[in-house]
Each structure stands twice: as structure tokens, then as C-alpha cells.
């Protein structure tokens, strides 16, 4: 049985201590275990990062960027292996894991542009003979705490940018699928990153709390559920750290009567069920405007869903895999049950999927629920499973009101052909990431990712330009040179 | 006796309630009182701001900017009156009050550039036929809580920018000198600002706590002492608001052996004693590198200080005025006493100034203390009075260590003629605002203001480019238009 | 009879010399004459500008910007008088002249943001201990040569930005309607601009050629017809100057079958006939896609045009006024004649308008021509009169091809409700300024104005961000400070 | 004997035609010849580029950038081979060639950041319901014409950025050392660039004139001598192309009395003699302020120069190699002769170097000339050889005047420890690239390269941010969506 350890100061570290099982969710078997770092181990990682900081901070930015250029290349060279590691522990199908990695690599590509991104602003003559400029200096040691659902991508949102800005890093990935994360971090060493600049500790709340309270840690980036995000944010702030904490979501798509319905259905399939719906940007609610649209949507969706197949990660014809744990499977099924009990119609029922050879896997089939209302439990919560719920309203205004009333404000989308409807929607909707005929409006790496309302705690969004600002602190210098007579000297000739 | 009320929804408001005396610190007489807003009154202001938000948000930015253009003009037209209001309640000399107002106006000038500042980023073809762009949308109702020492300038750091970005505002200024703040706010109405966009409530902790907890308030900007800043920051965050809270300072100037000493002394005079040292950027510690520099500095400083005169605000030949309250005077004098008791040398003693005709005023004279060490109480605390302390060290490295070890990191300065020393200092010192031969390195309005360490809580600095980012939230739109056949239509000709 | 002179070095100047009549185009009477500057007079203006340059260049940018703040205020205070001056010599109706001035003022507002706009880029540690930054420094004396059709606005595109960037300026406005231009320039002096920074010379080719060849002039901004623009551009370049020269236009609107036709007609009325069509952004060709759209457009347009009235500038119920000269009237009428002769249908005929009391004015009525083809003379040329021509095509692709094949590429517009059609159009069309349901897509002052193909000669567009780059030259500084031992000095203590 | 051909549409092409010998300047033997493209061949390359444009333009920018990521990797993998190719034909020593390549690679790294660099500006609500944004679209086919002295680096300043912006490219490198250029271009194909996007034609004026006049070519980037630059610039402009043409230089270093003289001498050695002085940024004039500085400089320089060795490219202990041709050697020697004849003192004489085994090579040894005056021919011209001339002046003002009076304004440097002198110099000197204790102030790739005065023709500098602007044209879109009733529709429910 494999024991997964940590990566500290350039070395694999496996101190004795508590462990937790790591499952293959397709088989339901735990064939690995992961060490849960003690306070001391986390402290060791922080110290390594702190020790590496002064030299790394003073390394010219282009040299820091070149580590990222090389890192990108290594990620591409090792893409298949990484996808396999993800599949084994998370369960997502290889093509999906490859897609995840690709989105992560885009953030490395963005980090390669650090020399441009870190430019400060220079003003000549803010007063007579006085110049002023700003510099964006690194913070020191920063930490990331990341979720199970994107073990490669979400960490890659954080540390490439943090590191290229001159910081050193301690990452605590999800303890449920740590192997790909750990392997990727080791590639940074191969890319030439000095030891101690990047560190990974596996662990649970004990580890997290060290990161949140240790005064050497200057910033925390977190992605996870809203209650934890809120805890992380307030605790980090109370300990004098800057923090950005991304939480839950309930992403609605409005389907307008004029939408290209075949296109909408095609887009919704992937957006609702891809990665078993375990994405913070998953589209879990379709709001049909008018019953005609609603009926057409449900009918076409039902038909399209017959083609979906659920199964193990290494069969590329599968569309999506199991959910992450047995408990989570029960939770997802419970939400479907509750919807049924509360009066919704289960149009396509994924509660009892048959996956041959994987009878003990944590599978839930693609599920379509019609007639959902806003008072149902299944509507209020983030289900995080392959479940698409349909709500019907009479007008676009009602659809928008419903979205704005929801606690979360991560992503949303409208399907329409009409310029005016799209513009009104994107302008007014209280959601941070908006798609117009784009069901998963995850911003590309050179823009920034962030929800509104209780989907994000913090001023700045993740990655992209906001990420650069988050991982640096502004210093403003104002300079005047009083004359020292050197310039005006009339003659430096030897006296005769 | 004048009673000072509030400014809510475009009207002067003076509900019954608790009051507090407002003193003229030069005479020591309280000839006005200020109403302290109840919860209900603060709520009324918030509601007015909320009601004004939708229309203001949708007003094109150039129209919002034009209110600021007009506001600038009105501030200039009323400069003398504003300086007088400041002088009467704060005590600062007219020329100093005029300077304060001018720095405030610079922030209005910056706000006039909002159309440029609010531009988002547009990317064509982030994927085939897919475009993406960002918008910086206003937050809603935002609040400012400001200190007594700059009753005009510090509020002007905040609300012009917040408002021009499309937010509506509730300001709670210092209850010790509210009149200039209130008068200035009324000019916004005259400049054409719709009622409710700007509101001012006077008050104390009761009012503050409503602002910190009311869910309609989306952001808090604060300037004050560090303990309060920390309270504001953690409370606001815990209530789901973004917050930037600026706290205390202890600003050191390093005087290098190669400095132009006459210039340094001349600069230090204003930086240490101007506005009675009641500035968060006041230079309160001079660190002399080498005893030769130290002796020269103390000697020249002592001589130069004989020319300083302290007195009432309306005599323009005065250099600075009283401190803000009798209690504060006692506190400043107490720090001088303690320095003396702990072994420092009081070179120039301002504890018993004579100000003819103002025997009951809260005056402290300019004070110079030599031989200060880092364990003295007077060194550790922010005195906020006209007191310059001199510390002597042997090397520049020691001087920098001393600055980096201090709890605060607001401003600092080096006096030198040497390019290398200046660059090493500005690059490495752990302070947010750095002067090179500039003793008060307050960034101009088109850069941003912010300290490091415990001088600022928050990710983003005040005013300037960071201010724009603070007062807006990022929305990222991703757009794809599926073909609807309109474009490709082969023929729209009438069928023959 | 009034004689209009020059404005040089802060003074009105009227040297003896050649003159030219200035007409009131509504009455057809020349009641003023304008002096045409000799070489010597132009040289005098250039010399004044050159003499004023060093001090102005070194004036901190915020002080330069404050002249613009004041200038904006004076323009607003004098708006009625300026509109009257424009009306008397150009003929445009007061409300149109006021609109022109307002667009000009927007450029002054943009110039007020110069401190932000002139920021250079600062990079710390481009190598070990090496910093680098860019500065955008002014060029020196720059010149503007502007057309009759916007005597206030087009000059205001140029000199506020040029001046606020630190340059000094010589303007040669159109000799046909110079009074408003000259008056406006005089307001700059009142706003506090030092003498010599802004100068105006009236004149013809003799004056222009001095500006194009004098080595003290570093840059030329020009707006006019394409043949002249090309001459200006190549001559200026051959004399070592940077140049941006804006030429002619033939702006097409595509009217799609799904367009909101009433809205389109309403927009086209102003865009085609406003200011008698004497605008480089005038929409002079409507391309109807499909005969249904074409028929509807012509029918509704014809009806709507019955409400238009042509007349003198001072009757605000008039929609537009005369064209600029008698010769120009003949030319416009000639193009209508030629269209008729070449087979087009004159649907609404403006060749013989009746304007009571102004029988000698240079009036042409609003004219609508249907059935135009691309081989007609009236299609190929820029008519610059109140003439809208309709072309009919079968598909949007044909409409776009037609636009792309035209020599000019200034502005264009599509009327549609369809997101995909709009996006395809704006992405692919070979035109610099594109409107989607916006018939006059003149960029706001904080964007930049410029056509493609033979509508603009030069790399950079006019005003806005490109204007800032045009009026400045980049300087890049790279800095390393070798240690001089000042910083590292172990001890500066007195030897014992 | 090797015949060097062209690279067109992804293929090596070697049409019959005129040829020119390619020498190894160390041996003086011509062992290769290069084909000189006919008009037809150049036209073929242009046509290939034009054909490749539409698809390349529509390729998402991140995909274009990824070709550059791969290209960087291939350049690094092939660095030794490239350095060898450069050495064989140009003569520069391997370490120098490797350095040249590295500077070129930096431009590829910058090009990898294209997604960030190409962002346009988006403004919501420029009017009610009206949005506006800018796009930076590619130009089409652009051409580069590059000099012999940096056969790898200067082309890499141009085409990576041009191509990543969406343009297609035709390069005409120097016919004297074309092999490295051609080899590097072939790596782009290996990196995945579609055929036709990059093309290389060897040739002379016949080829150049096709590029300058063919209407499909939209822009020209040139680096070479000033007379040719001027011809290129005016010809390209007259044919409707944008152009940036970089010409000659005469770069002065001011040596101040307070300079760290050992450091200055050390820096000057490389800056004056590196690459045989055949660099447009070579420091060819040292201006000593005061005779003490002058004497010290000459003495230390003379001593330091004894350690320099000149020889063939493949002996890495050599400091620099031969000049490019026999004729050029004669020209350089002729300038040394003329200085001597006109009264200067040849302190170190490189006219007759002995390079064992390379007696026919085009070698000139490092030469130091003292007592130079501004009327000497050797001062006025750009020598482009390993010759450092020393001028002595009394004051810094005189030194600056001398620099400002020179026709060229490419680079300059000051050696000083004094902050004030450095700032005054960098602020006021009329030169585009300024070093403070940096003798070759070539901007890093993320800034831009460009001289002032007659060293650059054009508005925009080469590479970096200005390069992006040069290789794109601005399009501004203004958009309003009239309501089509889709959004407001009260009910889309089926009628009952």
C-alpha cells in the first residue's frame, strides 16, 4: 500500500503520523493512504519557504519567469501521467483530466508574462524635480488550500503566479486526491526552481490552522465550500494576512424563447454533467422562459442524455466518472429523493446507474429534474453532482430575479440570439462570471476568476491581473535629488 | 450655541439625540456641539444611499465625472471658508488647512478621469468566435470613517472616487471637527449630485457599528489608529464587506553622513512639527548614521527650531497650532516626560509654550529629543504631537533594521546624495511609502496611499489606481454568438 | 468690415498682408475677411512656441492639467457665444454647434487626466541591481491644420492633449470659418496658459508649407480631404516630422432584414443630413440587404424626410443649414444630377430648396437617392452634402464586400438585432470605427478616432490614448548604481 | 560551394538568379554564395504570406502564442549551432553570438505574453445603454529588412511580435550573413507555424524595392544606416505603409569626476569593443568631465586594453572578431588615420593587429584615441569599428550640449555616483535610450528600443509595448442594442 507524503524544501518528506485512506472512487477501494501533516511538519514547510524567500525575491523577474517556461514544457511532457493520477483518485475521465490540466497550464503560460505584469507606474515631475513611482513587491511566504475537484488546475491557479511574483509557497491540496498535485510540484524542481520556493503538505484542519495563524504566512488563497471559505477568510484576516477565499455556487442558465435550442442542449450536457457536476462552475439549474422553451428544452435534453455514459476514468468513451466518495454519492442521491418528495418530476433518473465491473464505485448517473421550485432543498443547496434542475418562469425579469436572490453569485449564462437581451443580462445580473451562449464562462487565464455575493470572500479575484495584484504589495517611492554641486561644477580642470 | 447635524438625502438633518461638545482647541472653549447619530439615523442615511444607487449606477461615467469637475471648482471657490472651518475646530494654521484642502482637491481631479480609469479589458477570440471582457462595476452603498486630523483631505481620499465609480456613500467624519466635512459635502449637491448619493452622519461607536454590520453597506474605508483599524477591518470582513483600514505610523528618516544637512534640517522642520505632528505621515524619528551626522543634525535642528512659532489658526505667521484636545496635550507631554525619565535628553522643550491670549489652548511647542533608544516608551508609541526624536546608529544597515523591526510601516525617508544608498533603501525597506530626500512621501493623487505591516489592513491602498479597484467589483463576460442564419442568408429578395 | 487676424504669443496679431473673404453661408454675404499669414508670420508663431517650450515642458503635469480644468469651465461659460460664431461662418444650426462644442469639451476633459495618462512603466531588477523605466516626454512645437466643418471640435481633438503633454502648439484652422477657433484659443490665455504655448495663424497653402518644412515643428496633426492628407503626410515625413493625417470617408450603413426599421430610419435622418452631411462621419450610403428591407427603408425614409427643415443657424427649429460655399453647393447638386443621369432614382430631391429670407444662401435640401450602383460617380466620391444614397444587395456578405472594396474606411454601421451578425461584422469589416445600431460611431474622447485604408495616414489614431502616444516620445532609462561605500560603511563614529 | 536560398511558404526555395559571395571574415575567404531574389521571388513570398493571413488572423491568440513557446524551446535547443552559423559569416566570438541569441530569445518570451498584450479597452455605458471598446487587429503582411551586425537578434525583434499579433511576415535579412537567420526561421515551422506565415527572402535593393512598393505589404520594420533608413521610411510611407526605420548612432558616455573609474573602464571595454564595435548601441565616444577624469580614464583604459584579444569566432578566449568586410576594415582604419592627421592622439593603435593563422582576415584591433574634437571626421561619422574616442570638456553641461548637438540620438550613458547628476542627465538629454552607469542601455524586451533625432524614423519604437502597437491597427466599436421585445416579453406561456 502506497503512502503519500509531503514535498518540503525540494525533498519528499514522510514523517510518521496520522494517515487517511485515499480511494479509487470507481472501484470503491482505498489502495493508498496519505500522511496528515502535524503542526511541526507544516511549520517545517513554512520555515523552508521563509528561508528561500530573500534570494528568490531578488532573482530578476525574467529568471523567475524562465522557470515557468520550463515548467510548462514539463507539464506538457507529463500530461498523460498526470491525467492518470487524477483519474485514479478523483475518477474523472482521461479527456476531462487532460482538459483540466490544460486550463492549469494556461495559468503557467500567463505567469511567463510576469516581466510585463509586474511593471509599476512611473511619473516624472510630480512636483518640480520630484519623481514618483510604484513597485509591486512580493509578500513573502504565501499559502494555498485547494479542493479535491480540480487537483491539478486549482493549485495551478495559485502558485505559478505567486511564485513568479517573487513569493515562496506552501500548498495544502485536498487529502482525497493528492498524488497529481504532488507530482506536479516535483516538476517545478526539475524546471530549476530553487529548493524551498515551493512546498506541499498534505493534511487536514490541523495543517490548515497552522497556515492560517503562523505570522510568517502573509497570504492565503482558498477554494472550497462557502462555510469553510468564510472561516478561512475571517481567521486569516484576524491573523493579519490577506486572503481570497472562493466558495460555493449555484449556476443558472436562462434559456430564452429565441435560443438556438439544439445548441443550448448540446452546451448544457457538458456543463451540467461533465466531471459529474463536481465543478464550482457546473451549470446545475436551467431557467426556461416560457413553457414552450421549457418543454422543448426538457424534451431535447431527455433525448440527448440517453447518449451519456458514466464509468471509469481510463475508458475514454465515458462521459463522466464517479463522484468523489460514497458519502457524497449518498448526499447527491438524497437531494434527488428530496426533489421528488417535494413535488418535482424526475425526468431522467441517475440514482441507480449500472457500471459493469465497477459495482462498488461511487457512481451517480446523469439526472434531469423538471418542475423545480425555489423552495425545494435541491434548489437551495449546491448539490455538486450530475443533476440538472429545470425551473420555469414567464419572463426574463423573473429569471434574473431568481438568480439575484440566490445566495451564490459565481457563474451564470443566457442562451439567446438577441443582442439586447444579452446586454441587459450581462450588465445587470449580480453574478461575477457571465456567459452569453457560453455555459461555463470560466475566464481565460489572462482574465480573472471570481464570483460575487457569497461565492467569493475578498477584494480581488483569482489568477490573471487580479492574481498579480493579490500576490504583491504596492510600494510607492517619491524621490528628489538636492543638488550636490557635482553637476553644476564649472571646472574640474587641474589648477594651473 | 451651534448644533451640528447630519446631511442625508440632500438635506440637513438634525434629529433629537445625544450630543458632544466641539472645541476650539486654541481657546479651549467648546462653542458648538455635534449630534451623535442614533442607529435609526444611520439607517436612514444608508437607506437613502441604497435608494439612490440604481439610477446613479446607470448614469454614464462621464456624467458622474462632470459632477466632480464642478465640485472641484466649488471647492476652489470656497477654499478660504473651508480653511477657516478647519482652523476653528482642528486648530491648524490657515496655510496648512489650505494645503490640506489642496491635497484633497487633487483626489477630486483624479476622480474626474474616471472614464479612463474604469475601462475594462477586452479580448477578441479567446477561442474561435468567442470574446471575453471585464467590467468594473460599482459595489452599491459604501461607507467612510475618517479621523480628526484631516477633516477635509481624508474624506476626499474616499468619496469622490467611490462616487465617480458609481457607488453611493455614507460618511462618518470625526465628531471633533465635523463642520468643514459637512460643508464640503453640501457642495456636492450644488455641483449637481443627485440627492442620496452622498450622505454624512456625525456620531460615535454607535454609528460606526451600524455601518459595520448593515448588510446594505458593501465596503468600508477607514483611517485612524491601529487598534481601531483592526477592529473595523475584522468586523467589516465578518459581515461580508470589503474593507481597507489605515492605522498608525512611526515614520523614521535616516540621515546619512553624506546628506545635504541644511536641506535635511529644513525638510525635517515641516515634516516633524507641521500640523503639530498630528499626521499619520509625520516624521517623528530621525535616525542619524554616525555621531558626526547626529551632532550636526541636532545642532542645526536646535538652531532652526528657534524660529518656529505656535499659535492660533488665523495668524498666518504661525507655523503650527494646538493639538486637538486637552487630554491629547497631556498625553504628548507625558511622552516627553517619560523620555526624559528614561534617559533621553530634551534638547528643545515644548512642554510649556507661551501663546499670548490663548492661555487655555491645547498647545505643545516643538520638541527635540536626543539620545532616544528603542526601548523607550516614547519610541514605541505613535505620539502624534510636535516631537522629533533622534536615534543614533553606526551604520545604515542598523538604521534599516530598526525601521523594519517597528510595528508600523507607513512612511520613511532617507537623506543622502548617493544613488546606491537610496536604491538599496527603497528596494529593501519594509515600508509602503518611501521618500528619497522627501520627508513626507505622501503619494500624489494619481498614485496610491498605503503603509505596510500594521499600518494598513487590506489588500489595496487608498485612492489612486488602487482606490478605483477597491470601489469596484470585477465582472467577466464571455460571449459566443451561435449563428442564427441571419448573416449567411443567401437571399432576402422577394420570391419571383 | 471685420478683419480677422492671428493669435501669437498671447497677443492678437494683424500684420498687413493678403486676405480672403469670410462668408455667412446662409445669406451668401461676405461681411468679414481673414488675414492669410505670410511665411514670416508663421515663423513668428513657431518661434514663440519654441521659446515657450522649455518652461512649459518642465511645468509639472498636474499644473498643466489645471489649465485644462479651467479651460473647460470657460468653454462652458462661453458656449452660446461660440455656437453663434460657428453658426455665422459655418452655417450649422445652434443646437448642432453646441453639440460640436460639447464633443470638443470632452477632449479637454480627457486632457485633464494627463497625470494618469503620462505614466511610464517601471521595472525593478531587470537584471541584478538594475532598474529600467520609460518616460513619455513632449516633442516640442507641434502643429495642427484643421478643416472648416468642425471649427471648434477638430482643433480641440488636438491641442488640449498636445499641450497637456508638455508641447507647445501652432494651429492653422480653416480660413473659411476662423472666428470661433480664434476665440476659443484666447480662452486658454484666460485659463492661465503661459504666452506662446498656444498660437493660431490663419492662412492658406503658404502657411501650411512653413509648418510642414520648418525643422522646429516636430509633429503635424491634420484633418481634411484624402489628397491633401496624403500630401501633408508625405511632406511632413520627408521633413523629419511625425504626422497623423485624417482624410476622406464614405460611410456605409448596412440595414439588415431583422433591423428595427423605425429606429434605423430615425438614426439615419440625423446621421445623413445633420450638419448638411458635411461630416467625415456622415452616413452617406445605406446598404439594404434584400429588397424587402430596401423598400421599407426607402418608404419610411421618404416619409420621415418630409419633416426636415433647412435654414439659418439661429432658428433652432431648423434641422440643418447651408453648405459652406456656393461652389460646394454646385458640386453637391452636380453629384445628384449625375446620379440621376446614370440611372438612379431621386426619391426626395433637395436641389431646389426654398428658404424664405435667405434666397442667396448656399442651401441644399435633404436628398434621398435609390437604386445607386457602385459604378456611379455619386457613389465613388465623398459628396459632403445632405444626400443619402441607397444601394440594394442580396446578402450581408455582398454588403460587406462593397464596403471593403471602397477606398475609404472611416466609419460604418450595421442595423440588426442579431448578436451573431453584429459580431461577424465588427470583427471582419475593414473599417476603423464600427457602429452596431449606432450610425455615427465617433469614439468618445477617452477612446481614439481613426479610419482605415485611405481615411488615415499614420500609425496612431487621433485623440484619446493614441493621441497621448502621438504627442510624446518614449525615453527608456536603465540604471545601475555601483556601490560607493556609503551604504556599507561600518562605522561613521568619531574615532576614539 | 554552398548556395543559400530562400524560405517561402514553408519550403526552402532556390530559384536560379543572381548571387553574391558570403565571406568568412576571419579567413577572408568566400566559401558560400547567396541567391539574390528577383522581383518575382519576392512577390511569391508576399503572396504566400497574404494567402496565409486570413486563417492565421482568426487563430486564437493563445494558439499563436503557443507557437512562440515552442519556438523559444527550439532556439535554446539549437543555440550552439546558431552561434556557429553567426560566427562563420559575421565573425563574432561564440560567447558574443550566444549573447545576441539570448537577447533575441527574450523577444520571443515577450511575444508569448500576447494574450495580455493584445487586450483592448472596454467601456460600459459611454452613453445610456451604449458600450464601446477597442480591438487591436493585425495589419496583414508585414516585412522586415535587417542588418548584418545582429543576424539573429534584430530579426527576432520583429517577426515574433508581428506574427503573434496575427500578421504574416516576409523577412529580408542581410545578404552578408544570412545562414543563421534562415536556419532560425526554419525552426518556426518545426514549432508548428503554418506555412506561409513566415517567409525569408535573401536579396538586395531589387528585393527591398518590391517590399517597399507592393500594396499587399502593410508595414515595414527596418534597422540599418540612417541614409537607408530615411529612404526606406519615405518610400514606404509614400506607398501607404506604416514604417519604423532605425538608423545610425554615435553613442557618448559622460565620465563624471565622481565616477567609480575602475567600474567605468570595465564597462567601457565591452561597450566600445565588443562585437568589434559593430553595434548601433556601441559606446564610441567617452566624454571626460575635467582633465583629472580624462587622464585617469585614458591611463586606466590603456592598461585594460592590453588584455584584449582579437581573433576568430570559435576561440572563446577571444574578446572580439573581425569586421564584416575588407572594405569596412579599410573604412575603419581610414577614420583612425584621419583622426591622427587632424591632431588627435592614437593612444592604443589597432590598425595592424596580428592574428596568427588568419592573416587575410578583416581584423582591426581595439583602438583608443585621445584629444578628439567635434570637428574631426572621426567624431562626426558612425565608425562602426572597435574604436573608442575620448573628448575632454570642463563641465557636465558642455558634455550634454555636445551630445544634444550630434545628429544621432540613439543611446548614451553617464558614469556617476551622484543622484542629482544622473536625474538631470536622464531627464534632459535628447537621446532615446539612457544609461546611468549602464553603458549599453538596450531596453529589455518588455520595454521598447528606439533612438531620437535621426536615429529613428517613425512614431513608435521597436519591440516591447510599442512593437505591439506598431504591428496592430486600432478598431473602435460602439454598440447599442435597441429593444426587440425579447427581454421585456410579459409572457411566453402557451395561450390558454
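As written, the chain order gives the labels A, B, C and D, with residue 1 at the start of each chain.
What we mean here is this: a contact is a pair of C-beta atoms (placed from the backbone, for glycine too) under 8 Å apart; a residue touches a chain by one contact, two chains touch by 3 or more.
Chain labels with UniProt names: A, B, C, D = methylmalonate-semialdehyde dehydrogenase (CoA acylating).
Because the structure is predicted, anything quoted here is derived from the model rather than measured.
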Next item on the list: Determine the set of chains touching chain C that also touch chain D.
Entry: A, B
Next item on the list: Note the rotational component of the Cα superposition from chain B to chain C, reported as an angle of 0 to 180 degrees in steps of 5.
Entry: 180
Item checked: Between chain D and chain A, distance of the C-alpha-averaged centres to the nearest whole Å -> 42
Next item on the list: Indicate the whole-number Å distance between the mean C-alpha point of chain B and the mean C-alpha point of chain D.
Entry: 48
Next item on the list: Can you tell me which residues of chain B touch two or more of the remaining chains?
Entry: 62, 115, 119, 121, 123-124, 126, 134-135, 416-420, 422, 427, 436, 444, 446, 479, 481-482, 484
Checklist line | List of chain A residues in touch with chain C within their complex | finding: 58, 60-62, 115, 118-128, 133-135, 137, 416-420, 422, 436-437
Check: chain C touches which residues of chain B in the complex?
Finding: 62, 65-66, 69, 72-73, 106, 109-110, 112-113, 115-117, 119, 124, 129, 131, 256-258, 289-293, 394-397, 416, 418-425, 427, 444-446, 479, 481-484, 486-494
Check: In their complex, what parts of chain B are in touch with chain A?
Finding: 121, 123, 126, 130, 132, 134-135, 233-234, 237-238, 240, 242, 260, 263, 417, 422, 426-427, 431-438, 441-444, 446-450, 452, 454, 457-461, 465-466, 469-470, 473-482, 484
